[in-house]
Amino acid sequence: MIKLKIFIFLLMALVLLTSSCRVAREAGGDYISGTSAGDAETLNWILAADAASFSYSGHTLDSLVTYDNEWRIQLRLAARDVEVSGDGLVYSVTIRDDLKWSDGSKVTAEDYVYTLKNLMFSDWLNYPYQSDWQEEIADEIVFVTPEVVSEVTFTLTRRTVDPEFIYTVRGLTPYPKYIATKYEGDAEAFTQAPEFNNLSYTGNLGPYRFVEWLRNDKFVVARNPEYYLGKNTGAPYFEKYTIKIFGTPAIVHAALEAGDITATNIDPDKVGKFKGMEQINIHTVPSSGYMLLAYNLRDNGWEGLKHKEVRQALSTAIDKELMIEQVLYGFGEPAFSFIPNTSPWYADKGIAKYGVAPLLDKEKAKELLLEAGYATRKTDGSIEVGDKEGKPLKLTLITNAGNDVRESVGYLIQQELAVIGIEVELKFVPWATELGKYLRNKVPGSDQEAAFNNGAGAVSEEPWDLLVIGFGTNPLAPSGTDVFYTTKGGLNFWGFFNPRVDDLFKRVKSAEALDEEVRKELYAELSRLIAEEQPVNFLAFQLANAGFQKSVQGIEPGINMGYNYHLWYFE
Amino acid sequence: MPMKKNWLRDYIIKRLFFALIVALGILTVTFILVRIGPTSPADKYLANIAARGQDVSQAVAAIEARYGLDKPLYEQYINYVANLGRGDWGWSFSTSMPVIELIKTHWIYSFQLIFLSSILGALVGILIGILSAVRQYSKTDYIATFFSFIGISIPNFWLGVMLILLFSVKLGLFKTYYDSGIPIFSLDNLRQLTLPVITITTGMLAGYTRYTRSAMLDNLRKEFVRTARAKGLPERTVIGKHVFRNAVLPLITIIMFDLGSIVFAGAYFTEIVFGIPGLGRISFNAIFADDYAVVVTVTLISAFLILMINLITDITYTYLDPRIRYD
Amino acid sequence: MEKAILSVRNLKTYFFTQRGTIKAVDGIDFDLLPSECLCLVGESGCGKTVTALSILGLIDSPPGRIVAGEVVYHDVNLLKSSREQVRQIRGKEIAMIFQDAQSALNPVLTIGDQIAEQIKLHLKFSRREAKERTVSLLKEVGIPSPAEAADYYPHQLSGGMKQRAMIAMSLSCDPQILIADEPTTAVDVTIKAQILDIFRRLKETRQMSLLFITHELGVVSEIGDRMVVMYAGRLAETATVAELLGNPRHPYTVGLINCLPDMTQGNDRLQSIPGTVPSLIEPTNGCLFHPRCDKALAICRRQKEPSVLVNQGHSVFCHLYSPAETSQPC
Amino acid sequence: MTNWLASINYITGKVGGIRKLILILMAALLGVTILLDVLVVEKIFDPLGYLYIALGTLAVLYGIYPLYTSRRLVGYYWERASQNRLAVAGLAFILFLILLALIGPFFTTDPTATNFEEKNIPPLGFTIEESVYHPETQQSISKTITGSGKHPLGTDNKGRDLLAMIVSGARISLQVGLLATGIAVALGTLIGVTSAYLGGKIDNILMRFTDIMMTFPFFLLLVFIVFIFGPNLAFIVLVIGLTGWTGTARLVRSETLSLRTREFIMAAKALGASDSRIILAHLVPNVISLIIVIATLSIPGVILAEAGLSFIGLGDPSVTSWGMVLRAGQQNLDTAWWVAVAPGVMLFLTVLAFNFMGDGLRDAFDPRSAV
């Protein structure tokens, strides 16, 4: 009898336990993410050009799909992944049929097509990323053609093939047509539209709903109980999600330590300290940002830099692993091309790995310079580096002031090049000055508007030789990087003009690259070519450290760590 | 005294007129300064645009066109002034808010800080200053003098960080940052303002102590003080009424000037360090974002505020010191 | 002889400065009798004002300090009394008028306020009563339209009016003793006459003693009953006004009187006392006046001057009249 | 020889005194060098150099020279100022700082020389426990780092010697403090004296202009201009100098107003002295004590302004100033406290020293405080 009772009790307990696993998790707790980066500029995402703005509105508005840490597709507003026709020209998108705007009306394909046609492609709103949706046909720039197929399906038709256009399509988010028509044609009214500035239209399209945005202080969203992904899971599990902006980084760290905030990014040198704390978890994850040392190949840079051998020599002399160890406290991977090793297109076969052994050799560097004519061999056999006249070499290195890591990299390069007898003068300049006087260029004496690449013959206002800067590559669509490396690339400020590189970038965006194997081969070829040419010395891909209170559960550390953040919860 | 009212009214009208002209001048100068600078509001997007592999020049042109920055300078200026004439202070594109709303939302965060600090600083500073002056060259005086100099000399951006590290991180007495979710008029808010107020007050209090001391000393040896004593007035009345009424004039100038200049700029460091979303951060961020509508408005309002405060100070003078008369 | 209302005995008030000790008042004695006008006479800097301030305990300390002596008022030694006791006497029983009404009045308070506050404090009058009394006081000292004048600030009044207001203020609590510190010095001649008139009238109408400090013998002769001549912080001579002016003994007093232009004689040159007032810092054993004295004896340099009673109520502080001294001029 | 002297006498007589002669000569010299600088490509001085020379000349003519000619008065003031022990301590610290700035760099290493092998070393006598996490080994390694005599004040996160940075910062802070104050005070004095002396319309215009300048919040204006035109030390000095004169102008004006009707000015006027001569030779020297006090008391504000600019990232990146070190250090306060503490303390002491000295001077010059 007693045994039976116990048995029943146990059975019930088991049922309870298992059911509690299946039943939606209780939502609770305020998640506060601390940052000392700048505040967003707008929640009206179509106007946004800064990263924070996209991330803010993203909490209330999902894109069509997103990616997990292994770049696998995770469906969001799309019912299935974007389908591409065999010829690579027609993209077909089908959205879920349970998506609703705040007034209860359905989100339809019409909304998407309207957003594309009447807003993004319009000439009155000045969407900054229009070129994403354009193609060049017979020297004319035209937009792709969106078309409604059914209530939940629409197509985008291109006339030229771009294998990487699909990634642009996947990131698309809609505006509600029924609201946007009110403001159509009036950029000022659209900019100031209350519905778009307080995200009151987002219905069930995101895990959170907008609550408050106090400029320079915090952005607060609250759990969206109608979230379309929360029907079965009850997600998201935080009652409130806050982005708190701090005035100074020192205090952000202090706030995490004191438990006043839930998460923030940790500087590399502080990781050791936070690792030692009971209550903190730190996840080290890759990022797509990389640092590079640009060589000025234009006419106002040291003429030696125009020679591939000289660039190779300099890159041979700079120890990337030492730099990662000493400046990034180990949180980095040596970079050899613009494609990060987290990208599906990454290939290192045949790439010249300058800056790590065996292509790290200061003597070798000097010999390369000797061959190129920028050094003389002395009687005792040692090599003395100098310019064509044999005078000591003095190069100017520019980087933006206030960026501690880049300044440190500058100092380290100064140290490294001093070993082979090149004196480096460091110039830390404000970002605005760097842009205006060092990056922008024009043909002297012409009436050109200064731009980042005014073609051959253009030079910057102030001369420079070396420049430390950081860029990011979209790991899924590295071809966008052509702006830096092609003859017409809008950001090719260092003046690298190479027909083979131009050709490869053209091919990677052509029909032949629809075949992923071919594309991979083309990227490998590009990486090899650029590593060989060394227009810039790729230094390192940085690793990021995200610090969380231990109470946060459900995190999958990785490059796209936040992809499932609606499933995170407090213990 | 109807006589007084007449000249005072004329005087106020004259000053207001002057303020208007000054405001227009400041508006023009600031507008030109912001717009002729070598930076463009689009600059800060460059890195982001580049990271997405975009055609930069097209994006920059798009952003500049959106805010009308591609038009000639005089046209922008005329537009701006015309809008201003209609009571439209413009749209802050770096925060996506009407400028006037932005200032309305944020002024209270600076004001509460400055208000509390000023009151505390003025009250305590004046008390210590009086004590220090009355007991000149005593131990009290030396200690007050010494500490007030230390207070004046501590850079407050440094003090703020130190206070947070000590009281918030090590001792856990306060939150590491200002929580704007707490209602302004609540005890909790007062509590979380403790460290920021201490930070600002330290410098202010010390200043007021010094000023009060020297203003009191200036008057303590005057003959009317002796008269007051000869009348058998208690020392309290002699100091508090006779001396202080005379010493208060220069003090008011200083306190009012502080109030006027601190609203937009003075609390900036404290706001940064404690993460307070006040006008200081709004103003400076607007400068860094080339958000001319905000910069011009902020300069204009603060200049106007200072002019008004000066006017109020001057009028207060006529009541505090009957000898003063403006013509 | 009547009992003095105020007796000053061996009063010594020194100022201690970085340059040395200034003996501003160095052992003086005098009595103030009821209802009399005693004049305290001497050159600028001889310690008259310091004496007056010492009586009321108004010496700024530091650097000043009363180092010895007593000030007996109604059998109470004010120097030994508590601050509070002295404060109760100030303004109420012993009032003082200062030399320069311009700076002695608080510039930011109305005349009425400055007078009334004392009335309210000492006589415990209500606001309204104090105001009434203020107006009547202002009327008494001859200020036209006193009710309005009470609302004026000092800068709105002329010098003479300010001095009158000052007098009204001092009279506000019907003091037993009024100390007037050169009330006629800072005003011009016509006003001086009016002010003196007021004092003369006050003497007649009010039962109070007046300690009148001045350096003008003409004023003394007009208003004084008795007078005390001071030199360099010490007494020189004391007697009734008539006696002293008619029969001066001390060489300094003689000198002072000779400085007056005498209209009766056709003397076309004014005399002056040669030399200057000595520094009060350098210590000297002898008479402080001897360097300027044309009758100085050898002993004057060595020994402090004695007090000699030369006549009824007429004392002189000089070796010349010392009965023990018969030596020759040096 | 006598001929030569006589001609000098003649010339000085013509221009109105040796002081004016020197002034004219220096102005001419400066003009010529600036012209050369503009015409010839090679730079003779950087902008700060010109400031130094110009202000140095002014200081000699209106500071040192009068001090020398009136040694007795100076001696008297010195005697009085030296009673104030805090003022003497302040002066001692300032002299020490000047010495540090002048000869310190010869004894310290290059403040910009980095050595990543020696980063975050604590000051001499301190030992810290540093925990470094290595992503490859996934291990935290605890290191004990002890301060050594090689870096008495320790090093920052780039292995730069903190002592060298502090010495360099002393130079920058003093430069900024003295030069900017020099400009501000010179300008303020000129405007104040002129305004008070000439009176009338000119006074009205100058004072209204001063009022307008005062309506700009000083620091906001500073940040605004420096952000727009770029942070350059000479430029920062110039901006602080050109915007910070208002207080001086007002004080000097009110002081001059009381001097204007004094007998010696009347006498000079009666003797037919020109306005410029009365201003420069009679009025300015008589407000010099006030100017010295104002200058001493405004140096701290200027130093703090520069530090504040650096703190928000608008300092001249090519120099190592205290503000720059402080900014870098406060990011790492929890791991390397000394980097923020050292410049903070120096900044504090310097400001304190100037305040002490200014206060002592004010008391010394103030006839009322004579006891």
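Order as written gives the chain letters A, B, C and D; numbering starts at 1 within each chain.
Here, contacts are C-beta pairs under 8 Å (C-beta built on N, C-alpha and C of every residue); 3 or more make two chains touch, one makes a residue touch a chain.
If you're wondering where the values come from, they're calculated on a predicted model, not measured in any experiment.
*Asks:* Hey, which chain is the most central one here, using CA centres?
*Replies:* Chain nearest the overall C-alpha centroid, as shown: B.
*Asks:* Considering only mean CA positions as chain centres, point out the chain farthest from chain D.
*Replies:* Computed centres place C farthest from chain D.
*Asks:* Using the touch rule stated at the top, which two chains are linked by the largest number of C-beta contacts?
*Replies:* Answer by contact count: the chains A-B.
*Asks:* Using mean CA coordinates as chain centres, what's the gap between chain C and chain D in Å?
*Replies:* Here the centre of chain D sits 54 Å away from the centre of chain C.
*Asks:* Starting from the mean Cα coordinates of chain A and chain C, work out the distance between those two points in Å.
*Replies:* Those two chain centres are 92 Å apart.
*Asks:* In whole angstrom, how far does the Cα centroid of chain A sit from the Cα centroid of chain D?
*Replies:* So the centre of chain A lies 46 Å away from the centre of chain D.
*Asks:* With chain centres taken as the means of their Cα atoms, state the distance from chain B to chain D in Å.
*Replies:* 25
*Asks:* At least two other chains touched by the same residue of chain B: list those residues.
*Replies:* Expected reply: 38-39, 161, 165, 169, 221, 272.
*Asks:* Among the residues of chain C, pick out those that touch two or more other chains and give their numbers.
*Replies:* Those would be 62.
*Asks:* Give me the residue numbers in chain A that touch at least two other chains, ranges are fine.
*Replies:* Counting only residues that touch two or more other chains, chain A contributes 248, 250, 254, 257, 432-433.
*Asks:* Hey, which residues of chain A end up touching chain D in the complex?
*Replies:* Touch residues, chain A against chain D: 248-250, 253-254, 257, 267, 269-273, 275-276, 282, 284, 326-327, 329-331, 401-402, 404, 407-408, 411-412, 414-415, 426-430, 432-433, 543.
*Asks:* Which residues of chain B touch chain A in the complex?
*Replies:* Touching chain A: residues 38-39, 42-59, 62-63, 65-66, 91, 93-98, 102, 105-106, 161, 164-165, 168-169, 172, 175-177, 180-181, 271-277, 281-282, 285, 289 of chain B.
*Asks:* Please output the residues of chain B touching chain C within their complex, sorted ascending.
*Replies:* Per the stated touch rule, the residues are 137, 221-224, 226-234, 237, 241-242, 245-246, 320-323.
*Asks:* Contact residues on chain A for chain B in the complex?
*Replies:* Its residues touching chain B are 38-39, 41-44, 47, 49-51, 125-132, 187-188, 191-192, 197, 214-218, 220, 244-248, 250-251, 254-255, 257-258, 260, 289, 431-433, 435-436, 451-452, 470-474, 477, 479-484, 490-491.
*Asks:* So in the complex, the part of chain B that touches chain D is made up of which residues?
*Replies:* Touching chain D from chain B are residues 18, 22, 25-26, 30, 33-34, 36-39, 145-146, 149-150, 152-155, 157-158, 161, 165, 169, 210, 218, 221, 261-262, 264-266, 268-269, 272, 283-284, 287-288, 295, 298-299, 302-304, 306-307, 310.
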